[in-house]
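Okay, so subunit A shows up in both of these, paired with subunit B first and subunit C after.
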Partner chain A sequence: MAGLPKRILKETQRLLTDPVQGINATPDEQNARYFHVVVAGPKDSPFEGGTFKLELFLPEEYPMAPPKVRFMTKIYHPNIDKLGRICLDILKDKWSPALQIRTVLLSIQALLSAPNPDDPLANDVADAWKTNEHLAIQTGEESFLYMYFIFTSLLYFTRFCLLFNNFS
Partner chain B sequence: MAEIEEEDFMYDYEESDDEEDEDEEGDFVSDGLLREDSVPSGSKLKAEWQTLSPDQLSKKMFEIVDDVNAVFQLPTPHVRILLTACKWDKEKLMERYYAGDQEALFREAHLIHPKKRNPNPVIVVRAQSTSTCGAAASSKQEYICDICMMSYSTDHMMGLECGHLFCRPCWNNYLTVMVMSQGRAQTLSCPATSCDIVVDEATVLELLTDGEVRKKYQYLITNSFVQDHPLLKWCPSPGCCNALLASNNVEHEPVSCSCGHSFCFKCSRDPHEPILCTYLSKWLKKCDDDSETSNWIHVNTKECPKCSATIEKNGGCNHMICCNNSCKAEFCWVCLGPWEPHGTSWYNCNRYNESDAKSARDAQMGSRAALERYLFYCNRYMNHLRSSKMEAKLYEMVHEKMKELQQLGMSWVEIQFMKKAVDVLCLCRQTLMYTYVFAYYLKKNNHMLIFEDNQSDLEIATELLSEYLEREITSVSLDQLKIQVQDKSKYCEARRKVLLEHVYEGYDQDFWDFTEL
Partner chain C sequence: MAGEIKRASSSRKEGGSDPVPAVCRRPTTDLKDVQDILKSVVSSSEGFVSRHTSINEEEEKMSSSNNQFSPPPPLLLRQITSPVSSQPPPILSDTDPPAPAPHEKSPPSPDDIDGSRGVEAGQRKGAKRSPLYGEIIVLGTNGTLPCAPLSPKMSHSFVLKKQPKSTGVSLIVRNPGDAESLSRVHTHTVAMTMSKTKTSVMEFGPDPSVDMFQIGRSADSAIDFVVVDTIEEEAGEGRRRVFNSSSSVSRYSCRILCEREPPYTAKLYAAAFDTNRKIQLSAAAPTWSDSETGATDGLTTNGVTLLRPQGVFESGVEPGEWREVTVMGNLRERRPLRSSREPGPPILMETNVLTDGCLIDLCGVTLMWRSAMGLDHGPSNTLIRDRQTALNNMTPQCPVNFMTLHFKSGRLVTTPATETGLEGETLREPWVYMNCGHVFGQHSWKGLKDEDNHQRTCPLCSKVGTYTKLELGNERAFFVDDGPLTHTFSPCGHVTTEKTAKYWSKVSLPYLASQWISCCPFCSSHLCPTKPLVKLFFN
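Up next, the complex of A and B:
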């Protein structure tokens, strides 16, 4: 851990001794800048009951540059794309060196509770979300998975039809 | 924009608090814009401009700031930030400051309004910590810096009027990253979470320790002054660090820097009278992708299905016979199948329905006419473009001639008419080149007929001048040559002036009909 800034050490220490509710962040044994994160789906959100794995990496410039965060678990969310990349202002232009790993993870947790369909990475999901939000929240994760199933089936069905049309 | 040596943008920032301190006028006169009359151009020039060296540029910036500050009596860096927010429009700022919502003005400029300001500006020292994350101070004098999470005594902490304190090394680090890797200067804000209060240059320069970073910062500030000020432009000539300050009414006329480079003030391209910047952009794009030509080839020619020779359709009949004598294949233009099964239906292809084929034919006709029109103007434009690329050679040739004339007994002063004539020739060709772009976008009307007459007059005059310049020199006709060349070049200048004045009159009186963009 040579050359690791005091700030990273302090942050890591606090994450371990005083963890945020519903968030578990542990540094990698080999690389102190790499964190394995598990976020619990927030209460009253369609993700309640689910657990989501993320990876968090602190680049060399940290804290002048934001940490790099990505969902490892597949998730159906308008601001998270298929590769798990997150559309969140504080991870981009609104980053401030006064923010911390803790605040970043809290913001991601909040994003799960309140998706922002107007700033989407995954446009198809955002549209589905806009029309079905109340339904999704009412019925919890099962219906969410069900919706996901319906949605993808529909997608594949349309593709199949298109393909079929080309041959006829 | 040209790459500019950042060293040229050093200026001493005055940290003094007494704002009344009048700046010595120096050799730079701010009022009364100088008219540069070295450039031959249309006589209806209204716009005036002056070249500013990097030194004069920062002087100019502080002059405007001081002007406003004589009235406002605020810290100089804040006035500069307010001016930036108003695009350096002094009158607009005055109006908003005195007649408008002052607090909104400060908010927009990302500054704290003086009424809400801490009495001790720049360095804020308070009894209790005001940092956002609530990092508690361990004692009355100790603060925890939110960036490095180390505790420091108050005199190591520094903050803007928003009250967010960070340690000096963190400030330095933060500003360095922002300036060097993000190129930010004008938009540098307090590092606290969601705080958008601007870091003024006095603070930046106090905090930044590295000379390179300070230079880059000062360059960025000057650069944003030029970019934000609507009447300032960098000279686009590579290696030139000057900027040009124009008067309010700068329109189509080109401006020229003291380095000798002329350019269009609006788009920074080479002078392109009489065409407007927007139409020129469209034209250059059109020439660039050359899509029209390929489109026409696509629509109007096909390859013979048998020998692959390119065949252009030149009649209405679909029954095609390949023009390659050794092939002579017969096929249908519409479906490219062999002609035989089509039988006697010469005008119909029985594989496609007729209306489709007809509309396709109509589209072909339209596309062809448009292309022919485009090619007409494009050829003439390209012709002049080619000539303008030969300018260097032309100057060389004339230079040789001038030497010859000197050997024949003319003095150096006497032979300058040759160089003057080449200047005129090049200018006329440049103008002619753009008249074809102008004409391409013009719809036919009576004024266009006048324009075309002017254009052809200038074409003829320019060609004649060029001929005279290339003539063999014989000592007998020496004086005559001088008179003829001078006459021709004066005539060219006059024709060019007439043409441009007519075009500008049309812009002013709105008698040009342009095809929509």
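Up next, the complex of A and C:
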């Protein structure tokens, strides 16, 4: 491989010297284009308290093409499928070379706080989410309770998955 | 980044209000020189100096950073502008040392590096130099012609200065009555065809009080400054400017008469004398004679038009109205069609005196007149260079390549030797998305919907616009103020100050027979009618 572009060197340097809170990205010792990422579950979300492992790879065309990112930890989320693939516009058609590793990981962290069930990857999760949300809106005042129910069930399911992951 | 610019301007203001005269900060040897020169001037023209004292005091407050010593009398300032501002035209420079071409990339001379020293050196020499009347700058040039000159008398600018012997002529006899005057070799004559049977002849004789400078497309000896318009031409993959082989500029376009004594009033007249000292208006040119006085006058076929700015040519100036200048120097309203045979109504309240910032349109080429005084008060080359350096010192970064962007300027900014060897020098050239003003380095990324190379999606804000390389505006004569370089002309990408961009976007230049168009003064490309100027946003 040709030498690393100045941009990747600079980004890596900034990620290490000035890390984002709740996100840890370290380049692989063998491959400087491959990053081991750990994202903490955002506060006030069903994923709070969890830590999620991701892998991030910068293709040859980066930054003209988006980085490839995948969840290594199993997660119950309408926009993330069983294989950890993420449905996020900036990783596909909304990619812009002005985005960086840092902004991509921040967007993924935000996706955990605010799932987008209208553009699902895991249909079953999205359906469940939608039905419950629909119910919640119908019941009006009780909606908070329903939301609480959905979030907590999600949270426990995720924790269960985590546990399961750790044991396996 | 904006902070940097603000700081730069505020430090300048501090300099301006500094109670210690700037001259005291000069090294003592230089100070002596300056004092000597000042003394000699004061003794030689005391009355003249004292008349200008109050102006000088104001000037000192306003522009101490322009001239790092207290400004000498206007007489001196006129003399010293030429080495800094432009190369003297070959025809007048027999006795002068040849000035370096402004766009030379060779290492700058010490005078070049330190503008104030250049000014001082000019001042020492200037004591013997003849006073400057002003300078003519061709619109669409940025310190150099866009293509190689065809004649040594062609340049981007022309300095008018007092001639060793007066070269002017003025009217002596109207209708001398004999046809021989036309054939006399040493007489300047103007002949106008009034009707099929009648020709009016006017005889001109030498006038020791004025100097005459002639401008036209002809390269013969009668013309002092040769001008030809340029057109864009396909050249390989890109486009380049070439001289228009079917130019509509007259061979003998116009003449400027400057009074040889202060205040050196300059006046514009249509048509120039040829090598036989004749002006012969074509049969197609509109002519008329005054029914009371019998005075005859006329317009050239394509006309010479004059635009005088409203107020002093500085920050806040507004363009005025275009007027047509006659052969005898009277003003008329513009003809609705450029070469119409019907002259516009006369304008009696205005004169053909050239004031600072006037534009002269010769149907194809537009010239700008800057008086010597106006150039002294306007931003100096040093100041514009400082602004350009300030822009680079902000170290704007490309959000895509993470390269520090760097504005190059052939004549004003030199890249430090340590930086020239860096990889991807072209990646450091600033480019802009014209719709939003976001500045990037050169990159190849295109949005999914971007089909051509011209209209592209900005990576920062997703607005679609043209993606253009930025270039610095260098010609100081076109700057109306010395503010920070924050704006660019659209779509050409010449960077200048906000007020300069606003002024030129308001100036309508005659285009073709009866159209009007705004142009970038640095490259004469037509400005976008909906968004002629764009504010730049650096990362």
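One rule holds in what follows: the second predicted complex is superposed on the first by the 128 of 168 C-alpha atoms of A that agree within 3 Å, B and C clash if a C-alpha of one lies under 4 Å from a C-alpha of the other, contacts with A are read in each partner's own complex, and residues count from 1 in each chain.
Here, contacts are C-beta pairs under 8 Å (C-beta built on N, C-alpha and C of every residue); 3 or more make two chains touch, one makes a residue touch a chain.
Predicted model, so just to flag it, every value in this text is computed and none were measured.
Using the contact criterion defined above for the overlaid structures, shared-chain residue A:K74 touches neither subunit B nor subunit C, since it reaches no partner. Judged by the touch definition given at the top, the superposed model places A:K43 against neither subunit B nor subunit C. Touch criterion not met for A:K82: it reaches neither subunit B nor subunit C.
In the superposition on chain A, the chain among subunit B and subunit C reaching more residues of subunit A is B.
Once the two complexes are overlaid on the shared chain, A:D93 sits against subunit C while remaining clear of subunit B.
Judged by the document's definition of touching, subunit A residues 5-7, 10-11, 63-64, 96-99 lie at the interface with subunit B and also at the interface with subunit C. Across the complex, subunit A meets subunit C through its residues 5-7, 10-11, 63-64, 93, 96-99. Remark: subunit C residues 399-403, 423, 443-445, 447-448, 457, 459-460, 462 touch subunit A in the complex. Remark: subunit A residues 5-7, 10-11, 61, 63-65, 90, 94, 96-100, 103 touch subunit B in the complex.
Of all residues in subunit B, only 131-133, 146-150, 164, 166, 170, 173-174, 177, 191-195 touch subunit A in the complex they form.
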